[in-house]
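The same subunit A turns up in both complexes below, where it pairs with subunit B and then with subunit C.
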Partner chain A sequence: MTNPSDLRGADDAATLQIESDHRANAVLEGLPPSEAEPPAGDARSLESIGRGELLRRRFLRNPSAVTGMVIVLLLILAAIFAPMLYQYGPFERDLRNALTGPTQFHWFGVDENGYDVFARTMVGLRISLVIGAGTALLTTLLALLVGTIAGYVSYKGRWGAFVDGALVNLINLFLVIPGLLLLMLFSPVLQQASWLWMIPLLAVFSWMLTARVLRAMTQQLVRTEYVEASRFMGVNPVVTIVRHIIPNIASWIIIDTTLGVSAAILGETGLSFIGFGIQYPNVSLGTVLQGYNISAPWTWIPPAAVLAALVISVNLMGEALRDALDPTSGSSRV
Partner chain B sequence: MSEPILSVKDLSVAFDTEAGRVQAVQDLSYQVRRGEALAIVGESGSGKSVSSLAVMGLLPKGAQISGDIELMGKKIFTMSDRQLSDLRGDTISMVFQDPLSALTPVYRIGDQISEVVRIHHPEVSKQKASERAIELLEAVGIPEPRRRAQQYPHEFSGGMRQRVMIAMAIANEPELIIADEPTTALDVTIQAQVMALLKSAQEMLGAATILITHDMGVVAGFADRVLVMKDSRLVETGDVEQIFYEPREQYTRDLLSAVPRIDQGADSESRSVAGSAMRTVAEVATSDDTTPREQRPTVLEVEDLHRVYPITKGAVVRRKVGEQRAVDGISFDIREGECMALVGESGCGKTTTLMEIMQLRTPQQGEIRIDGRPTGGLSRAERAKLRSEVTLVFQDPMASLDPRMPIGDILKEPMRVQGYSAQRMNERVEWLLKTVELRPEHASRYPTEFSGGQRQRVGVARALACDPKLIILDEPTSALDVTVQAGVLALLADLKTRLGVSYLFVSHDLSVVRHISDRISVMRKGRIVESGPTHQVFENPQHEYTKELLDAVPIPDPKVARTRGGTVIDAEAFQGNSHDETPSEQGSVRA
Partner chain C sequence: MARFISIRVLTYVILVFLATSFAYLLAASLMHPEDVLYPPAAPKPVPEATAQAYMNARNINPDVPLFQRYANWLGGLVRGDFGVTTGTNKEMRPVLTVLSERIPISLRLVVLGTVIGTVVGVVVGMVTAVRRRSIGDRSATLLSFVLVSLPTPVVILVVQQINQAIQNRTGYGLPAINPVNPLLHGWDAFVYESKALVMPTIVLAVLAAASYSRYMKVTTLDVLGSDYLRTARAKGLTRGKAMNRHGLRMALIPMGQYFAFAIGAAFTGSLFVELMFNWQGVGRYVISAISMADINGTAAVVLYTGVLTLLSATLADFLQGLLDPRIR
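Then we have the complex of A and B:
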């Protein structure tokens, strides 16, 4: 059965080609068993590039992957260090310079309320990054839990089908709930406790499609012979899921999580922009954008550019990762 | 002799990969003349398929090609893709390995065949093309061609689909037919029919044919000349008799000696060297075990086993409209240290029987006893314990090992379930790997680093992990090359005598079980039609179906193979003299 994430491409075919199995014949010619099938250790070291190494090479061969990675790293570094080193804080007002363009003191200029745009953008980037990464991880975790369980039990008799049906209906229920309205309802309330509430709130409304895909992938894997084999060996279902199913869909999960980061960032900034997201005393890229003044481009171009750079570079990375993991994509060509 | 249709000169093909440049074909030269059948034989990865793709001009973009291919005086490599497209399907045609994926599932069979006709002869009307499709279907022996032409590929069996592929291949009377492992995906009986059909189609058209295969048995009855390839190079080429009777190269000899033969026990006077290695397997398998069968304890007992699947209809209210009797009252028993073979075609209920045994639960009807204990009344703990005593080796070694686990962990998995200590597991992994003739230091490697045969050895090692009493082998060698198959069979025979395990060996090929099994049960449509000691079944088959199965096994001896008949193409129908009530105009589509 085709394994959704099996990395057998031209490279493994090439390995097999070199390592064809004619030596088994030697068994019949009466050689002692220990010498019968020489593993060709030396010749092999050339071909047997580890999976990780292979992935790294394919990933780095893609120029957009490298671009994306460099930009993301720079943005992360900026988000960590810039607010520490910069002389202004996000809520320090400099009303005398209100609505002035970029200067050597206010790098990105000052908005009409006297806030420093650079300071706010960097702090906002920090929060947006944390929310993006946190939401993506939590989304994946939720999806993994629901998806693999539903997929695994769906073949296990009457009760399995029932549980699977219940979980699928749960997914469908969440899909029809107007998530945005509920977010607008709950977000301001929970914001009063902590801005970190944003993470579970966004995650609860974005795990469904991933869960559906994971369910389908699990269903496919449950029918493979190695999962069947573990069942016939009496391996516990939970162990089977953790040991056989999750590692085999891991590559897809990684890609989805990466792409989920940018989706979560966009979701959060969108909410913040319309005033239902991150609120005082915190600031996110969305809230910075909220204070735009159309006649003063420096109030909105820098945060918008940072947001766009972040989302695009994360997507570039995710797509390059997908290509690297997909043996049929062009990245196997040297 | 006539002009060569195809001549290949110094063909080399290479691919660039992560591991550097890989030579797929090196300095290959051959010629095929009109009406000649050439067989290119080699194991997986020997470059035989790549060389034929080069002839079709179908190599992937990254391939580095040198040399020359001339088809009827025209150089293939100088032609554009468009020019090549005119040749493909008209002058050259191809029959692919997997008939299940070679037909488009959303088009009717008749339309797919008439498409081939119309692409190269656009002047033919739709009406005539579909008439032609029906004639072709009739020619390849498909019953009720008029009705069948209206059906979709999923309504055809594997053998029928391969017939359709042959019909498409001969539709435009090509000069060259390339058949790339046309029967490896098929059962033995179907294989025999398809090969006979292909042979007679080739003879009727007088076309040159290239048969690509790894199975020397198929070659004997088909080819005029044989070309043996190994590791991208030509090893030997010669007439079929010369290759089979006096092979010059050691590799050819190895390849031949690994072919299992059904006609071997009776010390035939065949001059073919084929099958010599399998004789040693047979010797190992029937060793000095003198305890009579009746006195040995029974390991597995299956009594009157039934498994019926209801066929239901209706989405909202399910009602039963019929039933599929997958297993219909079979009984057999396996004694200690014995190998019983369960032989039958796909769909006869072999796999269902296995699954019923492996479930370790109460069957629908009948009883399964392991070591005298019925599986129905087991507690959860007892069932878990029993999992270590009855183990399974799967058919496809590529699919049965988790690609994300090093083989050491794969081998430890059953032991972990049985609660072995870490130290004992490590010792056992080492022992297991040695037992299946792999190196203990391989424990940290991943399955993808091993070849098919080595992976199947890992599969066997996993089945052996907890000292089982019974190993169920589900066509363990059908996904392997012939030479590798011989090695795995030798290993299994050796383990049986050394460790005293019992096997239930399921196969569709009688020749494979010939050398390893003590007893054979032939299964058909959910019932066992014949069962008895191996030599008895082979020498004196009682049931009609057993005889049919025996007849279908290819014999790797050109002289013997040629004397056997088979389905022959209906040349009348091909010419257009259809037996159908509405005969179409003769030769209407031939330009």
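Then we have the complex of A and C:
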């Protein structure tokens, strides 16, 4: 059993070190001062590292995380600026040069319809990035809503168990429904509306597994003493969830959102590739891949490489984040 | 055990029924197959009685309430009648006939790919976990990481491009597209079909193996740190023997839950494979059904995928019961 007075924070440790200064202590005075000399700067700032700072250091120590971050940043910059600076647009036809390889005018070559592959890839990257980020955020929000509510009410009597059972069956129902087919069903509706509708549509069919995990985590947290205490004090359940449960599962939510970005990009690419996603007035990476031609590899390798670089680096960041947040992984040195 | 499995199966049947009903209602309210009667450049309109008869024969009449049409469809479903194809194709074939032609084509792809992929994934995952931090482990982990990050069409394109490059270099290669060659008969046709099956199966197996090996590595690492395996080693078993006799079974138990959804994933994968290798299977049928506003066909394919998921989930439960004596 831990005695509360034994618990010392990093601040206490810092004060302790300042107080046990060698020159002030008569017993230790004889020792050479160089070893005991406290390093330059305030001892307090050295000793107490916040959680955010700790995670930042662990994350930046991981070379693959830094590589992933740099690649993602470069791709975002390219997606913003390349379509502004490049001389061709995604739907400008250059039929005289159709199916020619990379040249100084068409950087990635031209496909069989006379479209410039570089222009299409960069504009497609824009839309894929927006859809990826938006879908991941919305998916997490949906999963958080369903998962925490199902987990929180599951111990609250018969009605709680009923609501929990209904939500779990809802999750299972969405897992059985073939999401890709229903997304294809919505395609004609999507064509008449803005392409941004793709984000909620993709999110509705991809929140289930996250919600399952969040429900299990919430169930464990609901049984802890501090959540029980807040319940007995009459705190509103919503406040309890926001203040006590979500901060405890936040690390998992961050990781899952990061990995959700790549999942959403892959889903959107697949849908657009079959011809049911982003269509004519807009271009996504899946639409660019659709114009593949095996005898002219430059029609598909550049968009595929950009897509692979994006998804792999996002996944690298997600895994590095998981390592940084997981105290049992190897990276938990300060 | 019997009670456990029967309750599970009942739950799955209800879920599949709800999913199919949802898909039918969604398809019936979003698609307009009756539009084919009002083409933009018609010399004169179709007579009202003809139009009504056309729509009633296909159960797509918009004048009939949606739930009435749903009840008609459900009544047919109970009798084993899936309705007829609708939409821009006026052929009106029974959906059941179409599916029975196409399911064997898809299913050999899905089953072969999933089985090979699962076995390879489990073996690779276990070996990489046991020989952790070896060169083989590092390269296998990197490869599976890259494969999981690639969309299915890109994996297919890479395989096709490699085949094309080999064919350009040596003159020998696998058939690029088409599962059958109508010009060949007898033994030659069999050889051609077997060769044509290679590339699609490689794609599906590699995709399944990549994700399975990742899960299997994690569960095996959990098992390797356990007390009972240390006890098995302490009583004198070699590492391989201890792993085969005690570790493998425990590591496979959590994998059952992933397997339940593997067939669904394999269906999605086979959709791309059928599209890009020009196989006339269920995946290709559903793409054309949705783009042609074929309500009955779409609902039937959703039912088919639901039944596949149901079967694989039941199989997963059964295997789990077999492996884990605590459930029995």
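We adopt the following convention: the second predicted complex is superposed on the first by the 286 of 334 C-alpha atoms of A that agree within 3 Å, B and C clash if a C-alpha of one lies under 4 Å from a C-alpha of the other, contacts with A are read in each partner's own complex, and residues count from 1 in each chain.
Basically, contacts are C-beta pairs under 8 Å (C-beta built on N, C-alpha and C of every residue); 3 or more make two chains touch, one makes a residue touch a chain.
In this text the structure is predicted, and so the values were computed from the model without any measurement.
Peer 1: Is A:225 contacted by the first partner subunit B, the second partner subunit C, both or neither?
Peer 2: first
Peer 1: Touching A:269, do we find subunit B (first), subunit C (second), both, or neither?
Peer 2: In the superposed model, A:269 contacts subunit C only, not subunit B.
Peer 1: Under the stated touch criterion, which partner chain does A:190 make contact with: subunit B (first), subunit C (second), both, or neither?
Peer 2: In the superposition, A:190 contacts neither subunit B nor subunit C.
Peer 1: Counting only touches as set out at the top, which of subunit B and subunit C does A:169 meet: first, second, both, neither?
Peer 2: A:169 contacts subunit C only, not subunit B.
Peer 1: Who does A:216 touch here: subunit B (first), subunit C (second), both, or neither?
Peer 2: neither
Peer 1: After superposition on the shared chain, which partner residues are touched by A:98: those of subunit B (first), subunit C (second), both, or neither?
Peer 2: In the superposition, A:98 contacts neither subunit B nor subunit C.
Peer 1: As a test of reading the superposition: which chain, subunit B or subunit C, is in touch with more residues of subunit A?
Peer 2: Here the partner covering more residues of subunit A is B.
Peer 1: Taking the two structures together, which residues of subunit A meet both subunit B and subunit C?
Peer 2: The overlap between the subunit B and subunit C interfaces on subunit A is empty, containing no residue.
Peer 1: Per the contact definition, I'd like the list of subunit A residues that touch subunit C in the complex.
Peer 2: Going by the criterion above, the answer is residues 169, 172-173, 175-178, 180-182, 184-189, 262, 266, 269-270, 273-276, 286, 289, 292, 294-295, 297, 300, 304, 307-308, 311-312, 315.
Peer 1: Note which residues of subunit A are touching subunit B in the complex, please.
Peer 2: Of all residues in subunit A, those touching subunit B are 1, 3, 6-8, 10-22, 24-25, 27-30, 33-34, 36-37, 39, 44, 46-49, 51, 54, 57, 224-226, 228-230, 232-236, 243-244, 247-248, 250, 332-334.
Peer 1: Flag every residue of subunit C that touches subunit A in the complex, lowest number first.
Peer 2: Checking each residue of subunit C against subunit A gives 11-12, 15-16, 18-19, 22-23, 26-27, 30-31, 145-146, 148-154, 157-158, 160-161, 164, 176, 261, 264, 267-268, 271-272, 275, 286-287, 290-291, 298, 301-302, 305-306, 309-310.
Peer 1: Which subunit B residues qualify as touching subunit A in the complex?
Peer 2: Checking each residue of subunit B against subunit A gives 15-20, 22, 24, 43-47, 61-62, 230-232, 251, 254, 257-258, 277, 280-281, 358, 383-384, 387-388, 391-392, 394-396, 399-405, 413-414, 416-418, 434, 437-439, 442, 445-446, 448-454, 457, 462, 480-481, 483-484, 486-488, 490-491.
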